[in-house]
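By letter and in written order, the chains are A, B, C, D and E; residue numbering begins at 1 in each of them.
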Amino acid sequence: MSPIVNPTANPEVTPFNLERGLAAFRAEIDGPVAAFFSSCVHCGICAQSCPFYLETGDPKYTPILKLEPLRLVWESEFTLWGKIKGALGLQKKVTDAMLAEWEELIYDSCSMCGRCSMVCPVGNDIQAMVRKSREGMVAAGHAPEGLAGAAVRAVKTGSPMGLQWKTLQVQIEHVQTSSGLTVPVDQAGVDYLVMLSSMEVINFPEYLEAITKIFDHAGVTWTLSTQCFEATNAGIQIGNKDIAALLVERVVDAAVALGVKNVISPECGHAYTAIRWEGPNLIGRRYPFRVFHIIEVLDQLRAQGRITTEGKELDRLSLHDPCNLARKSGVIQQQRNLMDLVAEQFVELPEHGRFQWCCGAGGGVSSNERAEPLKLAAFKRKKAQIEAVEPERMVTMCATCRTQLEEGLEHFNMDIPVVGLTELIADHLVDKEEPT
Amino acid sequence: MTALADPMGFLLFTKGPLFNIAIAIFALGLAARLAEILLLGRRPNFAEPRAGEWLPGLRTVVTRTLPDPGTFKRAPFNVLTGLIWHLGFLVALLLFIPHIELIKGLFGISWPGLPNPFVDLVTAVTLVALAATLVHRLTHPVKQRLSTIEDYLVWAVTFLVVLTGYLAYNRLINPYPLALGLHILTAELFLIILPFTKLTHIFTAFIARWYNGASFGRRGVQS
Amino acid sequence: MSALSSIPIRVQSMSHGTANCGNAVPILHEVRHALERLIATGEGTQIDLNAIPFGPEDEAHLLAVLGVGEVRATIDALGPTHVQETAIPGVWLIDYRITEDQRLALHLDIGDIPEILRTQRQDLDTALTTLDARLTSAKDRAQFEY
Amino acid sequence: MTAKKHSVGEHLRDQGVSRRAFLKFCTASASLLALSPGLIPALAAALEQARRPSVIWLSFQECTGCTESLTRSHAPTVEDLILEMISLDYHHTLQAAAGEAAEAAREQAMKDNFGQYLLIVDGSLPGPDANPGYSTIAGVSNYAMLMEAVEGAAAVIAVGTCAAFGGLPEAAPNPTGAVAVMDLIKDKPLVNVSGCPPVPMVITGVLAHYLAFGRLPELDEYHRPLAFFGQSIHDRCYRRPFYDKGLFAETFDDEGARAGWCLYRLGCKGPSTYNACATMRWNSGTSWPIEAGHPCLGCSEPRFWDAGSFYAPLSVPTGLSSNQVLTAGAAGVLVGGTVATLARRTVETAAVSRQPVTADELEQTL
Amino acid sequence: MSERVVVDPITRIEGHLRIEAEMDGETISRAYSSGTMVRGIETILLGRDPRDAWAFAQRICGVCTLVHGLASARSVEDALGIRLPPNAQLIRNLMIGAQYVHDHVMHFYHLHALDWVDVVSALSADPKATAELAQSLSSWSKSSPGYFADTQKRLKGFVESGQLGIFANGYWGHPAYKLPPEANLMAVAHYLEALAWQRDAARLHAIFGGKNPHPNVVVGGVASPIDLESDSALNAKKLAEVQRVITAMQQFVDQVYVPDTLAIAGFYKDWFQRGEGLGNFMCYGDLPATGSMDPATYLFPRGVILNRDLTTIHDVDLHDAAQIQEFVSHSWYDYSGGKQTGLHPYAGQTTLDYDGRGGVKPPYKQLAVDDGYSWLKAPRWQGHAVEVGPLARVLLLYAKNHAQTRELVDSTLSKLDLPVSALFSTLGRTAARTLETKIVVDQMQGWYDQLIANIRSGDISTFDATRWDPSTWPAEARGAGFMEAPRGALGHWIVIKDGRIANYQAVVPSTWNAGPRDPADQAGAYEAALQDNHQLADVKQPIEILRTIHSFDPCIACAVHLSDPQTGERLEIKVT
């Protein structure tokens, strides 16, 4: 394995170094990490849940192996046995070269999908430890350039893709024109503050139109915020909590400024986990509002009878559960309830819900250009699943997943369109009586 | 004193002083390991939970014993051999009457056991399954990559514990004090290395599973 | 003590607890071979039933097959020894007991006549003297009585 | 009193023992010694020729149980055969003479049979480094007496676990510095007939073997005759099927005890005890400890007194009580706590020493 | 210094006993009794499981092989308040009874008889006259001339072989032997018969205790369960065997032992005039009729007789620190409170101190009798040296007007034409042993019948498990287990702390009898007996000493105390 050496990560030039990385690793170690590493029996089962290993066949992608730097720091500095071994000169130490070698393993070949965490017989939450490892990697200067760039852009421009409000403004006007409805902006005291991801804004503008229609249909009050519309979190992806916290604070500030009770994360999966689960811990306090994924909100509306649909899609539809939404956030049944509203022929993929397979793009892999070949390799797992049930279209609810599915299916010459679940719902809404 | 010339002396050494040493190292080592883990603790979690932690944690402690169907389909040999020898080991350890008496002698608690021939059969199966896991470790690319000297050492000690127990019960090593002494010796080796090797998982796996289950459970996922 | 290796020592079994050790049939086959040898060469054989695991059920099975023959004798020397010819002529069952009726040994003897039943030459040597002595004492008693 | 010396065969005939009785004795002995019936004529011939060997029996730190046991031998019986096949020239408990006369008899026998006599010892003795006053006979220390007697002995038989392995006097803390005979005698053929006391017929059986063949029988690693100590109590125990089925008596008069279930849980040491009790039984075949409901004490094994409580199952370690295990655990928690405190401090230090990452810094890497 | 006669070893006893006697002409003026072997069993017992103690204690002696085991079990039962099921008590009584009968018969024939019986003289006996003698004494079946002729022939062959074995160097032809050749021949025949008989008698222990010597004992009852249907319990067959053995014992005692004792005693009436000595006698009492250890139900009563005064019986309390004390002023032990002090067994100490307490470095000719001269301590009851054993028991039974005892003693005395005072003598002691054997063997049938009746009524309990588990024990407990052993009053005292033995002391019959002098220079029973009218016809053949010493049936291994040679401190089990 030839180490990927970031050409610009020159310790003389950059502010990052091994010591800083080790300090970050140390700061991540807690009881669960110690329990996990104490328990690993090298059974190799985690490899059987990793699309990167399964589709490449290269054992270096075995999930638990990706944690070796973190494990070494734990063993040498947090265990009596490691200290004894150290005194005897038997303890292996983490080196900069090792971290350089591990950069590919921790970033390029891990979408942090968490499937390994679901199958480990001793219960190791490997995904969580990859997340922790990235803290050390960033501090040691071994984060991929693509992710570093996204993080810088997110901090400096408000969007990892460098998207400006004016671009969104154009989309808003487009939606208002197309739907005849108003997209509320900066309205204080409404029910929901809706956050978006740059990718949705650029690639899937129909999403904004769909929620505009649905909320209008259901009589929900909502708003966008000019102060902050981007909810994706490049800090989470690169694995740095300082940057991640900064980005979360922006969302919190916007919500507080408008005095909303609820914040809707964008469809983008990691954005949801970022503000829903990590956010309060990143900023070190509870939110004065609640956070929902749009799917959760739609399902609540459905349950309250505030969404009335007519007609169903007649073709054979299947569903891709985004890892961040399903396995890592417990939103699993909601999307199925919604599918039942609009799909005549809904067929589940062979392994779905909490045991679904990652599309291969999460965890920052899609923002990491050099990981493209691995990303496509990992997609083969999803492809095989799709081939097993032969749907005419795929439905999902995460912009990153949707992009990956579309690209992957196209790459493999499979003519299966991908649609967003929110849009499907919007398509089948019963037209409101025109106000007389 | 050699075990062959004085098998009874050897047995009494393993039952007496060596056992005391082994149990002391084991108790100190294990307690240190557990304290090392538990006292590190977790940081406070401010995210609004979807569900509690305790029950899902306990649930995972139980459910991780069996694999999900997909994993079983992808790695049936690995899963099956692992399950079989773990189960066999536990049956032999906890349901063989002499072992129950040992536990009663040490802790004053006991429970019913299984007929000896059944345990004997289970032990034989365990040995076969353990041998199979070694073959798997030596041949499977992932396990080759993962395996360290420690893995082979731990395998050898575990295998020897079961093997000597099997040989002693079936009186295939003579005289019996030598056979029993060897079994106790290997069991003591097992106890001594337990806190310092992956064998710790016998205890920490439950903590790990609980942490995992709690973490996922908090987010409304059955892990 | 290598010279001892020339002494064939087997471990004794009086496995009285195990009712059936499954050894009756092998013994019967051994008896058959011994009988053949007796007919062919006149050479007798003794089988010590205590030397192998042999329980009450084995014994019952063996005796049922061999049956009860024509000759029965009891020798009173250091306690009783019961000699019983089986229904298979030439096959004798010899039960050595002590005065307290505990069994010392149980043998199958395949031969014309068991050695212990035969009048022993050494005993014959003293027979005359013994008889003479008795004749003398009988005379004494006769004198006493009359 | 003329001293015409007879062979055993002549001797028996002189006493009116018939040839048939003699043959029967040979048969019994052969069976007892686990010899093939084919060897009975050889055994008879050997016994015919044998001279009654002189036997000197020394009793040191003993309880006389071994001698008592010898008198219980029923085949051959102590009075009918063995005592008339050997010449027991010195034996405290049985001999007529006392004091100087007794010692003179011993010295005479040692002189007359130098190099020929069998030396039997029961009881341990204070070792050469122990206070010789702990056990004396006629003012002479046991050690001195043994060393004097062993010089002219053809072979030594240590009867009973005390003589064979040190036995009770040697049990912790061994207050008198007791040692076994084999600890002191290295250059003579030696047989250990262990047991507390030994099965009587094993004592007589070894003597009969020596008498018949002029040699000691085949021995195990503890110098015990394999013919009697080759199998464990457990291997030959009639309750073994219950062990195999997992049926155990839990107390002395429960249903299991009445039904004859295995006594393992009551502490039976049968599995690790090599002796002939299960096959030869005791007191003319009347019974034996396990048949009478008591677990085997393991009395024919070295250090059986220190092998844990007689009622603790074999698998229970001898040293620790549950309190001590708990103490070890508590100590472990203490050590673990210290370690963990250190680890925690490491975490806290790490949290402080960790430098936050800024976008500007990240930008420098691009 | 006057001439000193030394007899060491005293043979035909259990253990290692040495007698030194200072002579005044032909008469013994001062005698010294010394136990010359120590093992340390009391020290070895420290720190062990009290339930195991019986096995250690039992190995104190392989002759009276049952009694130490039972006394030990009783001490634990006393400490823990365990009450035996009646069946267990009856079975123990049967085992104790068998022990008495077996032990007394073997003592008489194999240990004591050769003091009175000249084996060589038997060669000149007329078998026919011997048969007549035997037939005149009892209806025992083996009494034909041919039988005695065979025995004589056998003996002749043996003697002519020139290898006399255990009979070599006996004092044959000594003028003190007074039996006619025919009586000698009869005794030799019975010597051999008794060897065969005792094998049968020992079976009773094997049935209940698995083996003899050293039958098994269990704290809380007996190990052997009762189930008439089971192969592995006391079933109908085994109980029938017990009955057969009891009957065989009874026959031998009635038809051989009792007649032989009387016949031999008739020739040695002068031995009813010497060899008593102390005049003080003590019994702890034993053989309860019920499951409890209530002294009122004992066959053998409890009490002390002082100065041969049968009219006053003093009470004995084993727990009273002032009553039973052991002294070490003439023993090779050290007491922390000094060598003049006496200690009750609960507070007993056993610190071996051979070199410091006058032990003479072996090989030695004479002991330093002014200092320590024995491994035995000197126990005293309220400061009195007392004799224990059959004579003490028979005297107490007699004093308490036990009907059968009265009848037996009176008829014996009248047959031999002797006064009651003849009991206080060497042969009085031997005769008492015979008579109590008769009393016990007759009693055995009663216990057996009672056991059978219990079983018939459905009571098959043999073990009390309530206090088996150490977790049910108090943190601290102490108890005294006592017995009337064949040789006399036997006590084991145990102190239990945290489930382990914290102190253990045994004061055994032969310590009472064979012990040395105390700080007040009071002689022990052996010593006093030998100082009572003993003349030695030939100092080289001191058969007179053997007669009196053997009349006590010494059991010296029993009598010796034991401890930590270095410090004398209690040893704790150490965890390594």
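Just so it is clear, a residue touches a chain if its C-beta (ideal position, glycine included) is under 8 Å from a C-beta of that chain, and two chains touch if they have at least 3 such contacts.
The structure presented is a predicted model; accordingly, all values stated were derived computationally and were not measured.
Visitor: Could you set chain C aside, keep the rest fixed, and say what connected groups are left?
Guide: one piece
Visitor: So which chains are sitting against chain B and chain E at once?
Guide: Where chain B and chain E share a partner, that partner set is D.
Visitor: Write down the pair of chains with the top C-beta contact pair count.
Guide: Ranked by contacting C-beta pairs, first place goes to D-E.
Visitor: Could you please state the distance in Å, as a whole number, between where the Cα atoms of chain A are centred and where those of chain E are centred?
Guide: Measuring from centre to centre gives 93 Å for this pair.
Visitor: Just the number, please: Cα centre separation of chain B and chain C in whole Å.
Guide: 59
Visitor: Express in whole angstrom the distance between the two chain centres, defined as the mean CA positions of chain C and chain D.
Guide: Centre separation, chain C to chain D: 34 Å.
Visitor: Return the distance between the CA-based centres of chain C and chain E, expressed in whole Å.
Guide: Spacing between the chain centres: roughly 44 Å.
Visitor: In chain D, what residues contact two or more other chains?
Guide: In chain D, residues 74, 77, 239, 284, 312, 319-320, 324, 335, 339, 343, 347 touch at least two other chains, as defined above.
Visitor: Which residues of chain E are in contact with two or more other chains?
Guide: Counting only residues that touch two or more other chains, chain E contributes 196, 199-200, 575-576.
Visitor: Residues of chain C touching 2+ other chains?
Guide: Only 100 qualify.
Visitor: In their complex, what parts of chain C are in touch with chain D?
Guide: 1, 3-5, 7-18, 46-48, 50-51, 75, 77-78, 81, 96, 98, 100, 102-105, 107, 115-116, 120-123, 126
Visitor: Give the list of chain B residues in touch with chain A in this complex.
Guide: 29, 32-33, 36-48, 50-51, 60-61, 64-65, 67-68, 70-71, 74-75, 78-79, 82, 140-148, 151, 195-196, 198, 200-201, 204-205, 207-213, 215-216, 219-223
Visitor: Quick one: which bits of chain D touch chain E in the complex? Just the residue numbers, please.
Guide: For this pair, the touching residues of chain D are 1-6, 11, 14-16, 52, 54, 59-69, 71-72, 74, 77-79, 83-84, 86-89, 91-105, 108-109, 131-141, 144, 167-169, 171-178, 196-197, 239, 251-254, 257-260, 277, 282-284, 286-294, 297, 305, 309-312, 319-320, 324.
Visitor: Looking at the complex, which residues from chain A come into contact with chain D?
Guide: Contacts found on chain A: 6, 8-9, 13-16, 20, 23-27, 29-30, 34, 77-80, 138-139, 141, 143, 145, 148-149, 151-152, 155-156, 238, 240, 242-243, 246.
Visitor: Name, in rising order, each residue of chain A that touches chain B in their complex.
Guide: These residues of chain A touch chain B: 29-36, 38-45, 47-49, 53-54, 57, 59-60, 62, 64-65, 78-81, 117-125, 128, 276-281, 284-287, 290-291, 326-332, 350-351, 354-355.
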